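Working notes for the structure below.
By written order: A, B, C and D. Residues from 1 in each chain.
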Amino acid sequence: MCLQTIVDDIAAEMALVTERGRVADYIPDLACVSPSKFGIAIALADGSCFTAGDADEAFSIQSITKVFSLTMALGLVGDGLWQRVGREPSGTAFNSIVQLETESGIPRNPFINAGAIVLADILLANYEPAEVLGEFVRFVRELAGDDTIVIDHQVAKGEAATGFRNMALANYMRSFGNIHHEVDKVLGVYFHHCALAMSCRQLALASRYLACGGRNPDTGYAMVPARRAKRILSLMLSCGHYDGSGEFAFRVGLPGKSGVGGGILAAVPGIASIAVWSPGLNERGNSQIGSFALERLVEKTGWSVFEERNH
Amino acid sequence: MCLQTIVDDIAAEMALVTERGRVADYIPDLACVSPSKFGIAIALADGSCFTAGDADEAFSIQSITKVFSLTMALGLVGDGLWQRVGREPSGTAFNSIVQLETESGIPRNPFINAGAIVLADILLANYEPAEVLGEFVRFVRELAGDDTIVIDHQVAKGEAATGFRNMALANYMRSFGNIHHEVDKVLGVYFHHCALAMSCRQLALASRYLACGGRNPDTGYAMVPARRAKRILSLMLSCGHYDGSGEFAFRVGLPGKSGVGGGILAAVPGIASIAVWSPGLNERGNSQIGSFALERLVEKTGWSVFEERNH
Amino acid sequence: MCLQTIVDDIAAEMALVTERGRVADYIPDLACVSPSKFGIAIALADGSCFTAGDADEAFSIQSITKVFSLTMALGLVGDGLWQRVGREPSGTAFNSIVQLETESGIPRNPFINAGAIVLADILLANYEPAEVLGEFVRFVRELAGDDTIVIDHQVAKGEAATGFRNMALANYMRSFGNIHHEVDKVLGVYFHHCALAMSCRQLALASRYLACGGRNPDTGYAMVPARRAKRILSLMLSCGHYDGSGEFAFRVGLPGKSGVGGGILAAVPGIASIAVWSPGLNERGNSQIGSFALERLVEKTGWSVFEERNH
Amino acid sequence: MCLQTIVDDIAAEMALVTERGRVADYIPDLACVSPSKFGIAIALADGSCFTAGDADEAFSIQSITKVFSLTMALGLVGDGLWQRVGREPSGTAFNSIVQLETESGIPRNPFINAGAIVLADILLANYEPAEVLGEFVRFVRELAGDDTIVIDHQVAKGEAATGFRNMALANYMRSFGNIHHEVDKVLGVYFHHCALAMSCRQLALASRYLACGGRNPDTGYAMVPARRAKRILSLMLSCGHYDGSGEFAFRVGLPGKSGVGGGILAAVPGIASIAVWSPGLNERGNSQIGSFALERLVEKTGWSVFEERNH
């Protein structure tokens, strides 16, 4: 079946689902997005893109950004990064602080909030403060081949005003010496990373490097070495959906990363990158319809990494 | 490169490694196995098998058995099983009891001890007590196409005499109503499952169904539906190495299941099933040399599920 | 006001209270006791005893027994006991297992179940198995000056049949080496200790030594040295009501020990020992009416240890 | 024996102790105090005061201040305070954050850091920001009858610069809605409360109300109702020494509150208030020599609340 038909069918099916989850309401600007929205985009290495629904409407990518900041931080400091962030599933919610107390302020993995705050701290150590956000946006634009991608400063501001749990996480890690810069600055970077506004199409295009052994297929340039791209995928599979990661691997079988804005990014090694979006969240904070759409996509395509490969 | 050369090279390389981990000493009969042992076997769908080292020496498969008991229990009760066992990484050690207290006696996944004890309880509900071990051995023999596979009763007896932590887990779950049979009987089944003695060759052959969409390639008969085989693989990837699961996914990138006897089972969807064995364990209780051998194998073959696929 | 009038007034007041808590239903023989029961007894050093309500009806003393087994175990092994049991409030429920995992199988204090199971193990190390229960009953009879006190074997049997959580605790501690005897034997002793049937009058008389600097006031003989009696009282104050200990100290201000049978033992240093009983429990597992009665008693008598002393 | 002789003897004995603990080094200005310091002061209701050693040297009272801020906050909001702070021992270290996650941001008791930060928030709700510190100092001065007591702003500043763990606690509780004011302001108040500099003599005099049923014995005026004074004492006994509270109750048997500056405040209901000071801390963060001195004092005086009373 052709990919366009597949995404069209999925969009049509998703439109009929009535259980759409709850839109996150703790960030003011996210609370007013309609739960009826749904977008899907599949990007292939050659840049061709199959989309359906609201695939060109920008949304707040939130925690999906952690994939990009991990990629960027690994480029800057290499495997030394793993001294400050673990590589194991946390078994706890995205904003849990318990694990930090017993593990000396080292977050379990880079895809929970505490881990991504350390990534922001690493970026701050490697760029001028005035440049750190600009460099990040440039990096994502280059990945996507799209210069219109911007940060939604209103969202970033809203998070800064209410992000007490993240402030707690950052201060707590700083008390263990695992945050080196001023907490306000680190969180400024972190909140702005999360506030990147992208459409499904842009997200799918930007993440092609994950499906292409680390290379930007437009330029042929390695964004990360192939070995590291695989490792990012492994972390997405085991840790990309917080305490719902096992369930996502079980149902979808693809490396993925979700955000509370309702987006999910997924990658099929060697084949495609995928972005879906629907703002309602399930009880673990992952997009309800987005997860369901990916489950259907994998059924139709056989793209699960656990599927038999034909050689 | 041909597979035989690859396994020979790996065996030669592993023989030179001096850091071989610590042999588990809490089970008397395991403590006296020489850490210099190393075996590897790769089985293809057609039954061909490439082996090196001590690949025909039987060892105690211990927790690897959980893959077989999960398969058997799913066959008996289907997805109803997931009401009594979760599907998430635990973030804790193999014998942790903490998680059970806060989650009402439901183990996080079937690959930690508590989860596999529930599997034993399910088998007890579906077979005559006198048959339950016999049925299990027959099941594994059929998978392997090898009628010489047996349980080492000495090992089972040793575990029963010292398995206080497992007795605690079982009694604890029973207090929540998640164990239905007498604890002594349930643990009897559990300890005997763990005491299965198999060689790398037998293990690799027995697990071909995982790489073959659930079918026993010798008979063509579906041991589990294809969809369920994929899900078992996803659980192996996210939960198969206790609190070292993320690390194994990161380094090896294959669904795998380890045992404290020093064995590791891994599967490459559509291609091969693999067993390695070396008794020394790393600090997370997984085979040190076995993990390393699989890492090298994946480098040489490109078999990681996160590797680009060529279509 | 004379003590008889006080206990009569309290009994009358308690009879009118309609919120009487929930009778423990996990031990079959406790479940059928009427929540309308209430007894109170105050014993003075001279053996005079002021009672009201159902003060002469025997009930299952359950965890109150821990005070007697601690006293007996301290007599046998002295302060060496504190190497196997802690002296801190646990901050968790009476049957929590979490704390044991992070603290190497050492229970926080002797008044949670895990701690008292260690006490039973200590008694088993010091008496012939056949004697250990007999010695315990003799000890309590001597304290009370009453040879009619007996163990309710029906209750003990009921607990043994359903005490999975306690079996978990004992096995768990045994896995850390903090239980030295067979778990079944240790729990046999523990359950029989808990199944002691005593009336408020018997309990108040038996615990006079706590109010009298460790001496049995009938015989003048020191059951424990004065210094140790004080320390038992301090443990009762800080740990005697599980995770409701702070609340009890706050409201009542006396060293006390509760049991799920609905009894509470309290001591006023130098003045009196007190027992109350009413089977309905509050949400922390302590007698609802019993706690309230002690709160009223302390208001009427000024017996709180935090009250101004007049010298 | 007369009290002056007793304190002289204790000071002489303490001077000979070589194991003096470790001086807290996480607050710069505390780190340079000599561990050889020792002071003791006993104040009676009539204002007479028995002192020895460095009893007139001011030190940073740190967490002892929580007794005063609790008293003040109770005076402002009464028992409504207990909706925002618990009354149970925490079973964890003074700065633990774990308990807050599972208990919705309600600190276990007012004597751990999180609890006292809530007290600061309550004071901020009841005074003009510019007045809140002035009111607090006036309150303590009035209690002590000494207008020379001041806050050491250098210490407060040092804590603010390094108090990341407290910032984490405050932000974390704010995320649950249990802090109502800006975290910086709340911590400003908290750190300045802790930075009160007082001598043993001043502390003992200031806390006479605790031993005198809530009345300031100089003025006869009730600082808190008698009932509330008793309850503060009960909290000091069960929670005043963090995860060493049980041990302190066991060894000393008096309501007490320690601070990392090396001070300990204790009260003997109806008889005396006591302050000791020695900067070296034991492994639980309580003054090593101070605890020992109180243990000796209680042995010599029989002042334990668990001691037989003579009527």
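Definition applied: a residue touches a chain if its C-beta (ideal position, glycine included) is under 8 Å from a C-beta of that chain, and two chains touch if they have at least 3 such contacts.
What you are looking at is a predicted structure, and each value in this text was computed from that prediction instead of being measured.
Peer 1: Which neighbours does chain B have in common with chain D?
Peer 2: Touches both chain B and chain D: A, C.
Peer 1: Return the chain whose centre of C-alpha atoms lies at maximal distance from the corresponding centre of chain A.
Peer 2: The chain farthest from chain A, judged by C-alpha centres, is C.
Peer 1: Could you state the distance in Å from the CA-based centre of chain C to that of chain D?
Peer 2: Chain C and chain D have C-alpha centres separated by 32 Å.
Peer 1: I'd like the Å distance between the centres of chain A and chain C, where a centre is the mean of that chain's Cα atoms.
Peer 2: Whole-Å distance between the two chain centres: 55.
Peer 1: Taking the mean of the C-alpha atoms as each chain's centre, how many Å separate chain B from chain C?
Peer 2: Each chain's C-alpha centroid was found; their separation is 47 Å.
Peer 1: Considering chain D alone, which of its residues make contact with at least two other chains?
Peer 2: Those would be 102.
Peer 1: Of all possible chain pairs, which ones touch?
Peer 2: Touching chain pairs, listed by label, come out as A-B, A-D, B-C, C-D.
Peer 1: Provide the residue numbers of chain D that touch chain A in the complex, in ascending order.
Peer 2: That would be residues 96-98, 100-102, 164-165, 167-172, 174-175, 183 of chain D.
Peer 1: Would you mind writing out the residues of chain A in touch with chain B in their complex?
Peer 2: Contact set of chain A toward chain B: 86-92, 99, 108-109, 211-213, 226, 229-231, 233-235, 237-239, 243-247, 249-250, 253, 255, 268-271, 304-311.
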